[in-house]
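You will see subunit A twice below: alongside subunit B first, and alongside subunit C after that.
On to the complex of A and B.
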C-alpha cells in the first residue's frame, strides 16, 4: 500500500491543464476528432460555395462569407463535443475520472479547454480556406478575427460540454446534442458572424459595432462558463 | 376490503381553484368586450388592440421560463421531484404562450411595418427563447428518464436568455416598441391593459395548477405500476 503522504493533489489550474492535456494527448494519438471535424468543416464550406457561387459571378458579400464560416465552425464543433465524452465511456473511464481527487469544476474547465483547442486547430485551416474560396479580406484585422473566433469557441463549448456530459448515458446522444445546443448558442453565432463580417469588409467604417459584438461574445461566453460550472456537477453525477 | 383504504394522495383541485377557473372563464368572456370598447389609438388605429393580448403572452413566456429555471435548480441541486414537475409544466406553458406571442406579434407587424417578420433584436431573441423552450419539451418527451438533468441544465441557460429578450430593445436600435410605452398609455387603455395582464396571469396559474395535478397523478401512477411489478416478481 502506498503511504498516504505520498499522494498530493495538484493545484486547481494544474488540474484543469492536466485534464485538457490528457484529452489532447489521446486525440493526438489517433487524430480522429481533428480529421473528422476538419473534413466536415471543409465539406460544409464547399457545400455553401457550390450553392452560392457561380462561375464569373459577383463576389459574395462579407456578411455571407462570415455566416458560412461560423455555420461550418458550429456544425463541425458538435463532433468534438460528442467525442470528448464518448471517450470517457470506453471502458467506463468516466468512473476513474470521477474517482480522482480533483474538483468537478476542474474537469469541466479542462474539457472546455480541450474542445476550444480542437476547434481553434480546425479554424486555423478553415478560416484561410474560406477567405481564399470567397476572396475575403482576412489580412486587415487578423488578430481581432482570431480573438472573435476564440471567444465564440468558448461560448459554444461552455454550453456544449455541459450537454455532452449530460448525454453521456443517453442513447439518442447525437440527435439530442445538436437539437438542444443550437438554439442556445445561436446568440454566439449571431454575434460572431456580425463581428467577423464587419472585419472582413475593407470599406467598413463601423468598427465600433465590431467592438460591441466582441464585447457581447466575451460577456455571453463568461455567463455561459459560470452557468456551466454551476450545472456541470449535478448533471455529471447521474440519476 | 383493505385496498379500499388506498386513496390517491392528489385529490384534484379544490374549491379555490374551481373559483379561479370560473373567474378565468368569465374574465375571458368579458375581456374581448373591454378590448372593443377601449379607445382607438391615434397613429396605429384598431390594430394597436393586439397589444392587449400580445404583451401579456410575452410576459408569461418570460415568467414561465424563470419558473422553469427555478424548478430545475430545485431538481438539480436538491433532487426535488416537485421542482422537476414545476419545470416541466412551466416549460409547456412557455411554449404555449410563446406561440401566442409569436402569432400576435407578426399580425400587428403586417399592418404597422408592412411585413410579418423583421430580423429585429427583440423578435430574434424572443424566437430563440421560444425555440429553447421547445427543445426542453422535446427533450423531456423523447429523451427518456436520462433527459431530466439535461433538460434542467437547458432551463438554466434559457433563463440567461430572458434578460437579453427584455433588454434587447434598450441595447440595440430596434423597430419593436420599447417597454417604456406602457406608462404613456391613457387611463382607459391602462385599465384594459392591466385587466388583460391580470386575466392572462390568472389563466397561467389555473393551467399551471391543473397541469401540475395531472403530472403528479402520472408520477404516482408510475410509482404504483413499479410497485405492482415488484410485487408480482416477488
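On to the complex of A and C.
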C-alpha cells in the first residue's frame, strides 16, 4: 500500500470532545482522581464544620460558608490538575499525541473540559454537604449557584491546565503547581466566593451584586481561556 | 518524497545542539543515524518530526519547506523507545483513539488487519480490552508500530526502537522496517544498536557533537563488525 498524501482531520469540536472523552474514559476505569478529589473536598468541609462548630445551631455568615465551599473546590481541583498530564507522560503518549494532526488548542480545550467535568462531579457532593453542615440556603438559587461554580471551574482549570502542561516533566510538579496557580486564580476565588455568598442569604440577597460577580467570573474565565490557548503550545513544546 | 536538511542549526541558549547539518533522506531507503550520547540525535529527531524548530537552516519535504502543522504531521509515523500509548487503555481503545485523531473509523476488520500487520493478531485474541500496561515490552512496541502505521504515513521515524526488544523482537522489527522501505516510505532510524543498523541501513549518518561526521550510502550489506569498525574510525577522524 502506497503511503497516502493526506488524511481527513476531524473537526475542531470533535477533536476537543475526543481528548476530553479519552481523559474521562481513563479516569472512569480507575476513578482514582475522582475519589481522591471527592475525599479531599469532603475532608476540608468536615474540618471546617468541626472547627466552626457552634452552640445552639447558630449559622455562620454566608461569606464564611461560601469561602469554605470554594476552598474545598479549589484544593480538590488541584488534584485533577496535577494528574491531568500524567496520562500523557506515562509511556510518552504525549509525543504520539503531539504528532497527530489535531490542533494544540484542541488538546488544551479537551484537557480543560475533562478537568471541569471532574470538578463539577465533586461539586455535586460538596455543595449539598456544605449546605447541610452550615445550614446554608443553597437551594434557593440552585441553578445560579451551579452556573457560578461551572464558570469558576473554567477559570480555575484554564490557568491550571497550562501550568500542568508546563510542569509535565518536573519532579516537584505537585508543589509547584499549587504555588504557581493559587496567586493567579485569586480573582476567580474572590469572585466565586463573593457571588455565592450573596446568593446564600435569601432574605437580603443582593442580586444586583451577584449578577456583577457572576459576569466578572465569566469574563475573567474567558480571558484565562484565551490566555491559555495562546500560552499552551509554546509551554508544551518547551521550544 | 524525500526529506532534505539544508544547513540546519539548533541552539539551546548558548549550547549548539546541531551545527549546519546538510543531508537528504530519500524515499524508499532506510537512513540510520548513529552517534554517541549527546551527539544531537534526539534534537535531530525533534526537528524531523516537526516538534522542534531549527534555529537556522531549512528543512524541505518533497522539495517544499517543511511547515510544522496539521498537513505535515498527518504524514509522519513515529515510534520511540517508549510505546507512545495510553497504558490504562486497551489495545483496541488505543488504536481506535489514535485512528479517530487521524479522522479514521477503525472498523473491526481494519483493527484486525492492523494487529495482523504487526504480528499481534494471535497474541491479543480475547485480550483487546486489557490495559496496555499489562503487555510485555515487545508487545507494546509492536502495538506502537501499529499506531504509527494507522494513517499509512509517508515518513516513518524511529527513535531507539529496539531499546527494549529481545533478539527475536529486534529481528522482527528489522523485517518490518525493510517492508516499510519496500512500500516506498522514507524511513529514518536513530539507534545505538549497531546490529540493527547493519541489518537494515541503506545509508549511515554519524553525528558527533552536533556535527555530521559521516554520511555514507551503503552499496552492499555490512556486518555488525564492519559497521563498528567504520563507526569507530569515523569518530576518531571527527575527533
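Note that in this section the second predicted complex is superposed on the first by the 229 of 239 C-alpha atoms of A that agree within 3 Å, B and C clash if a C-alpha of one lies under 4 Å from a C-alpha of the other, contacts with A are read in each partner's own complex, and residues count from 1 in each chain.
Definition applied: a residue touches a chain if its C-beta (ideal position, glycine included) is under 8 Å from a C-beta of that chain, and two chains touch if they have at least 3 such contacts.
No experiment lies behind these values; they were computed from the predicted model shown.
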Between subunit B (first) and subunit C (second), which does A:90 come into contact with in this model arrangement: first, second, both, or neither?
-> second
In the superposition, subunit B vs subunit C on subunit A residues touched = C
Have a look at where A:25 lands relative to subunit B and subunit C in the superposition and call it first, second, both or neither.
-> second
What residues on subunit A does subunit C touch that subunit B touches too?
-> 239
Given the complex, residues on subunit A that touch subunit B span 159, 162-163, 166-167, 169-172, 176, 179-180, 183-184, 186-187, 190, 223-224, 227, 230-231, 234-235, 239
Within the complex, which stretch of subunit B touches subunit A?
-> 76-77, 124-125, 128, 131-132, 134-135, 138-139, 142-150, 152-154, 156-158, 160-161, 164
Sort out for me which residues of subunit C touch subunit A in the complex.
-> 1, 49-53, 70-71, 73-76, 78, 80, 82-89, 93, 97-98, 100-104, 131-133, 140, 144, 147, 151-155, 183-185
Listed in rising order, subunit A residues that touch subunit C in their complex are 1-10, 15, 18, 22, 25-26, 29-30, 87, 90-93, 95-103, 237, 239
